[in-house]
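Quick one: the structure is below, and I'll ask about it shortly.
Every chain is named by a letter (A, B and C) in the order it is written, and numbering of its residues begins at 1.
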Amino acid sequence: MDGLIKMGEIKDYPSFLAGLIIVLAVVLTAMLAPLISPYDPIEQNMPHALQPPSAYHLLGTDPYGRDVLSRIIWGARVSLYVGLLSATIAMIVGVPFGALAGQLGGIADALLSRVIDIMLSFPGIILAIVVMSILGQSVDNTVLAISLAMIPRFARLARGEALQLSVQEYVQAAKASGAGNLDILVHHILPNILSPILVQYSLSIGSAIMIEAGLSFIGLGVQPPTPSWGEMLSLGRQYLYTAPWLSLFPGLAIMLTVLAFNLLGDGLRDMLDPRLKRV
Amino acid sequence: MLGYVARRVAMAVPTIFAVATILFFIVRMVPGDPAVYLLGDMATPERVANLRAEMGLDKPLYQQYIDFMLGVLRGDFGRSFENGMPTMVRVLRAFPFTFELAVAGTLLSLLIGIPLGVAAAVRRGSKIDVLITSGTTIGVSIPVFWLALLLIEFFSVRLGLLPVTGLGNNPIERLRHLALPAFSLGIGMVATVARMTRSSMLGVLGKDYITAVRAKGAPWNVTVYKHGLRNAIIPVVTVVGLNFGYLLGGTVLVEYVFGRPGLGSLLIEAVFSRDYPQIQASVFFFSAVFMAVNIFVDILYSFLNPKIRYG
Amino acid sequence: MDTLLSVRNLKTYFRVKRGILRAVDNVSFDIKRGEVFCLVGESGCGKSITALSIMRLVPYPGEIVGGEILFDGVDLLKLPEEEMEKIRGKRIGMIFQDPHTSLDPSYTVGWQVEEAILLHRMIKKVSKLAVNLLKKVGIPAAEKRYREYPHQLSGGLKQRAMIGIAISNSPELLIADEPTTALDVTIQAQIVDLMLKLREENGISILLITHDMGLVAEACDRLAVMYAGKIVEKGSVEEIFSEPLHPYTKALLRCVPRPDKDVEKLVSIPGTVPEFPPASGCRFADRCPMTRKECFETTPEEVNMGNGHRVACHLYG
């Protein structure tokens, strides 16, 4: 990366800035959940069940009398945990494999491309559903299922970028001067494909959060009573006629968080891609 | 052209083969004995043994694998644990509903997404462009199932305009029943299509041949549609094809929310009842459809692009 | 010969982030009927933007902010867009620098020639006309090429097809923006010959934009030398080649390899064209070997040196 971003330039990228601010807000919310959440997110309080938004319960209560706002605040923890962890695992596994395949070419590349093709022939959420049905439902299995579904994206991206780089003169020069494959990968390939990977990473966190919410919505992801946005929506679905606030707010939280990571990713792409540098 | 199609189909064969193999082993990885699970913990050992023999579980693993793959070749994934019906028959019965939904969602996304993308590209930097561009960023961030809930809440619960569940008996009713699911499914794709159309269109409109067409005396709108869109549409088709997998994934959630029959509902039902043959058959079919669509898109792409068509 | 095109005080500016880029600044010249007029200068000097301004096809974020472009007595800048569309491709044809990118890859060559004809004339047997045009611009096996896509043609053939499109409605003016730059040397000569032949046969006027002084000497009647958005010198080819006045013109002519003179080495002009030249003073000042104080202070006016030879330089003020 030749052009690290100067702080002064960030203001030229309003979408990046907006994404960054929302992401930081969500992270803070998750970290400070015990301090800022007005009620216990799990403890039931039946007499207060299904109250619409009010001064006491800003976003209303659910059928068990739990405060929706508090559950959304705690739900940020699950979403971020799953989103960050599964995107990170997918990146750590997918990038080196993909990059190495692209760099080496030949049989290694053909083989890996085949594996990527096969993994990509399952739509992501379907792969995750199947994996969850095999592994059983828990937060960590959700992470595993989602990272598995996202590995091929990173591998494919890294492969393509490494393939382009491997024919560049400086890589050829390093090879000619006797550098080993691993050496070239670590010193010449990986540092130079960082930008697109970073963009993909940010976008993947968003889609991981989305898949987690989808799995939990169906009932295959995070299990109640652990507060998660998807699970809250699945509860809300049953009270669509009587308590629409149950469906509105958790979905808004998902959308905002996913939007933030998408803005961050798009913004990063604009900032890091020299081809898009404006006049 | 025919040779290209044949080659493309031939390339998919090993992938299909691998998918089937993975499905075989993934189910074998499930802890516990499916026979015990089916019969319950209280079953006598003889009954379990009988069922195991019936299901072929007493044979060595390689024999089971060969049997399974031979079944796959015939399109036979065994019978459903749930109701004893051949799993592929259930899949084929569910497929038209999913197909209808996916096609409606795709059509909707093209019909809305392409004009939006063109409008944004043509008025680059204007308020309309900013509005459409930010709209698409929000669009791709909306969870399908949440949008479905909001649409139900608004159009069905509040306005009573459109039905939530069911399929409808006559064509008009059928369309009315399809409206909300298709819209929920399509909106994310609208955003993707609009973005892609915009950036592709901007690329094309900056090309020399656009100026050259204008220099012939062609009006701006003729240039935009006949030459701009004609060339910009090629990458859009590819993106729609590549995103068809996400769309298929989305049908699972949409069918679940609306209680529509289809591949997705079938899969979720099978997952919850641990109906493994049904899971295998459903996922296999999803993958096969996905691959078929990718092949179709490749062919369409080469058809749209004379450089590939005439080597 | 009467005047066909008269560009007067044309100003085309680009509003970019870093300020206003004055790509064409107060440019004036006349083209007579039947003559080949050259606009010469380094890349980035504004000659292509001048051409696109005449067609009113200045790309975003550029804008024509002032001046007149009188074509056959009518100011093109005052025409409504629909009227301008009737002039583009009908009375003024244009060909571009890179033939590889100036044909639409999705349509056959024949279709694109026909489109050019049908935009202006209702003709039933248009395909016959199109094939004849392709023949006229020297495309061998025209019937076969007619059905082919641009990527199946070589660069030279594509440029011939572009010329065919540009002359399809017998225009009075042909604008050729570096028509040979992207082509092989042997093909370049053929394309130039073709254009000169068209001038001879049809009496068409040509605005030839180039940085190639050799081409100017070969093809031009009169020329204007452009530097950083301004015309620094104009006159007939004979006048300017025998007695170049502006230091920039002199430098340009020294850059041409000439077989008749035994020049020790090719001279290149140090420095580059400034993107944002200072508002006052001569724009060539910081590269000029003969500057005086006033060159950095006041913008030189155009001076008539006789025989239509004009120069904008303080040396002659």
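For this structure, a couple of remarks:
The definition used in the following text is that a contact is a pair of C-beta atoms (placed from the backbone, for glycine too) under 8 Å apart; a residue touches a chain by one contact, two chains touch by 3 or more.
Bear in mind that the values here come from a model prediction, so they are computed numbers and not experimental data.
Inter-chain contacts peak for the pair A-B, counting C-beta pairs in contact.
With chains reduced to the mean position of their C-alpha atoms, the one farthest from subunit A is C. A straight line joining the Cα centres of subunit B and subunit C is 53 Å long. Computed from the mean C-alpha positions, the centre of subunit A lies at a distance of 21 Å from the centre of subunit B. Within subunit A, no positions touching two or more other chains are listed. Subunit C meets subunit B in the complex at residues 52, 55, 57, 59-60, 81-82, 85-90, 93-94, 96-98, 101-107, 115-116, 119-120, 149, 151-152, 162, 165-166.
Those residues of subunit B that touch subunit A in the complex are listed here as 14-15, 18-19, 22, 26-27, 29-30, 137-138, 140-147, 149-150, 152-153, 157, 245-246, 248-250, 252-253, 256-257, 267-268, 271-272, 274, 279, 283, 286-287, 290-291. Partner subunit C is touched in their complex by these residues of subunit B: 124, 206-209, 211-220, 227, 230-231, 304-307, 310.
Against subunit B, the residues of subunit A that register as touching in their complex are 15, 114, 117-118, 120-126, 129-130, 132-134, 206, 210, 213-214, 217-220, 233, 236-237, 240-241, 244, 247-248, 250-251, 254-256, 258-259, 262-263, 266.
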